[in-house]
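A, B, C, D, E, F and G are the chain letters, set down in written order, and residue numbers restart from 1 in every chain.
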Amino acid sequence: MEYIYASLLLHSAKKEINEDNLKNVLSAAGVAVDDVRLKAVVAALKEVNIDEVLKNATAMPVAVAAAAP
Amino acid sequence: MEYIYASLLLHSAKKEINEDNLKNVLSAAGVAVDDVRLKAVVAALKEVNIDEVLKNATAMPVAVAAAAP
Amino acid sequence: MEYIYASLLLHSAKKEINEDNLKNVLSAAGVAVDDVRLKAVVAALKEVNIDEVLKNATAMPVAVAAAAP
Amino acid sequence: MEYIYASLLLHSAKKEINEDNLKNVLSAAGVAVDDVRLKAVVAALKEVNIDEVLKNATAMPVAVAAAAP
Amino acid sequence: MEYIYASLLLHSAKKEINEDNLKNVLSAAGVAVDDVRLKAVVAALKEVNIDEVLKNATAMPVAVAAAAP
Amino acid sequence: MEYIYASLLLHSAKKEINEDNLKNVLSAAGVAVDDVRLKAVVAALKEVNIDEVLKNATAMPVAVAAAAP
Amino acid sequence: MAVVTQHKIPKWKIEEVEELTQKLKEYPTIVIANIEGFPADKLHDIRKKLRGKAEIKVTKNSLFELALKKAGLDESKFKPYLTGSNAYIFTNMNPFELHLFLAKFKLKRYAMPGDKADEEVVIPAGDTGMPAGPILSTFGKLKVKTKVQDGKVYVLQDTVIAKPGDPIPPEAAPILQKLGIMPVYIKLSIKVAYEGGVIIPGEQLEINLDEYKDEVMKAHFNAFSLAVEIAYPEPEVLKVTAQKAARNAISLAAEIAYITPETVQAVISKAMTKAYALAGAISGKVDLGIQVPQ
């Protein structure tokens, strides 16, 4: 999950999630960075509306309540 | 949430969550570190069994899914 | 809920929940204090084990996880 | 939790959550106010729709109960 | 639910739930009283142990909280 | 709970919950009415969307029933 | 003329009308029950159960009608129900109470072909007392295991031959009768009840107590929820209000990542939930080397 936490850290700090930034954060945490994975994560996150995903993640309990019959 | 994501990054990288490490990660992400907050987070997380919390947190989406029908 | 938030504030500040303290806090928050209500709330809360209540409230995320079948 | 309870007290009393008001309430409860923390809480709460958060918070117990198999 | 609310009002005021008392309360609330319904409610509630039902009902929120392991 | 039952009786009879009506109902039930409490309840209920509260209240028993193992 | 006619009425009839009139004046509630085909011994059971609470009279409809007139009651209200054989019940209970009381004790009868079981029908293990013979094949048909002992049919184990609601096998009827098993309920069918000028048709007397219990519970729950919402100062209420307030505080703290020992769990859970949501969103495209809970 290191790549995800690092990405979320950048996102919540309102920094761009690019290879350099992500690599910096991961290295600072002492993570040996795998370049292939780095590229893949950065590319995949570009396709995702992170704010939307996070909003839904928090919305869960409400959804459940609504689902209760 | 920056402090939390940074802490979880350290945790999943199996590094100790102490002031120095946390400061390093946050700085690498371009976050201006507030020492008081840093101390508070580190102190609060010392009181917590993060693995236990993560286990509970991970169980959540499952619970939510099961509740749907 | 003002009276309750004020009472919990006093409780977490380790101050006694009595009429004077509660009145002080409510007034500081700009709430027009009704003496009868004040007395009633203080009397009722004397019967309540607030630490117990808070423990239950904090335990909830665990409950969610435990509910997973 | 004092800062949070004090903020919720102000919110439910329909008063603005700013540094002065929060400081007033906390002082009335006998809490020694830490200015850095005060600023941090006020700033963080500005980013949040409190009513929305509370609505979700109350929806939770239903979710919990319903999730039980 | 008017008849039930009126009955519970009488119950919590420690007054007998009989046709006269129930009629009085309902009329005071501006409800046009239906004699057949009145008789049915009085007869049914004679068979229902209201204290028992209320005890179960009140135990509920606590039960939810207590369900947290 | 007499004041609450009386208020709900008025609400379900689609009558306004004001001091006069509430007093009438309580007196008809043989309750010695306390004016301050009367005012407090009427004022507090004015702040609340009763239908909304009842809607959520009804969701709970279902959930609770489901929670019973 | 009227006087002459009255002389022709037998004395017992006059006395009976007199008695009925007396009861109509004495008791506020009158219930008319249909006893067409109702076993007399069961009516006797009911009479016994009602002793001290109600009186039952079986009489001619015409005599009851006369008594209504003499008691000054509006007989036209009862007219439609004064057909067939009726029992008249006089009581101080309200009609619903009487109905609930009657529903409380179960009267049972033997099964007849075509009946459905009202309760589980069990043929018990042991000596049936029935001589072995053609009856053995009936037991066989009912899948009841038997042996013959001293020339009598002996059942090897308790055997259920019908569950509640199941039709009772017609061939079982004589066996059940021999064993004294009555699996079918009968109840007095109430046509109408009268109290204080109000006529209540029998079908309206049905009361589902569970519904009332649910309503009481719901009413109380509504009241409790409302009380919690306005922080009505009763300890039981404030307990829940305080819990709600605390939960609100924790949720708000989690939202702004305000870490204290009380909130750390909620804050981390929230961060985790978000992390897994994001991981889930890209897990199809990237090998993160982790298991994302679905």
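We take it that contacts are C-beta pairs under 8 Å (C-beta built on N, C-alpha and C of every residue); 3 or more make two chains touch, one makes a residue touch a chain.
Computed from a predicted structure; not experimentally measured.
K.L.:
Between C-F and B-G, flag the pair that has more C-beta pairs in contact.
P.N.:
B-G
K.L.:
In terms of CA centroid distance, which chain is the most far removed from chain C?
P.N.:
G
K.L.:
Need the CA-centroid distance for the pair chain D / chain G, whole Å please.
P.N.:
About 51 Å, centre to centre.
K.L.:
Could you please state the distance in Å, as a whole number, between where the Cα atoms of chain D are centred and where those of chain E are centred?
P.N.:
The computed centroid separation for chain D versus chain E comes out at 38 Å.
K.L.:
Would you kindly tell me how far, in whole Å, the mean C-alpha position of chain G lies from that of chain C?
P.N.:
Roughly 45 Å separates the two chain centres.
K.L.:
At what distance in angstrom does the C-alpha mean of chain D lie from that of chain A?
P.N.:
Going by mean C-alpha positions, chain A sits 27 Å from chain D.
K.L.:
Give me the residues of chain G that touch two or more other chains.
P.N.:
217-219, 221-224, 231, 234, 239, 243-245, 247, 249-250, 257, 260, 262, 265, 269-271, 273-276
K.L.:
At least two other chains touched by the same residue of chain E: list those residues.
P.N.:
1, 5, 8, 60-61, 64-65, 67, in rising order.
K.L.:
Could you pull out which chain B residues touch chain G in their complex?
P.N.:
Residues in contact with chain G: 1-5, 8, 40-41, 44-45, 47-48, 50, 53-54, 56-62, 65.
K.L.:
Using the touch definition up top, name the residues of chain D that touch chain B in the complex.
P.N.:
Checking each residue of chain D against chain B gives 34, 36-37, 40, 63, 66-67, 69.
K.L.:
How about chain G: which of its residues touch chain A in the complex?
P.N.:
Result: residues 270-271, 273-279, 281-282, 285-290 of chain G touch chain A.
K.L.:
Within their complex, state which residues of chain B touch chain A.
P.N.:
Chain B residues touching chain A: 1-2, 5-6, 8-10, 12-13, 15, 21, 24-31, 60-61, 64, 67-69.
K.L.:
Would you tell me which residues of chain G are touching chain D in their complex?
P.N.:
Going through chain G, the ones touching chain D are 244-245, 247-253, 255-258, 260, 262-263.
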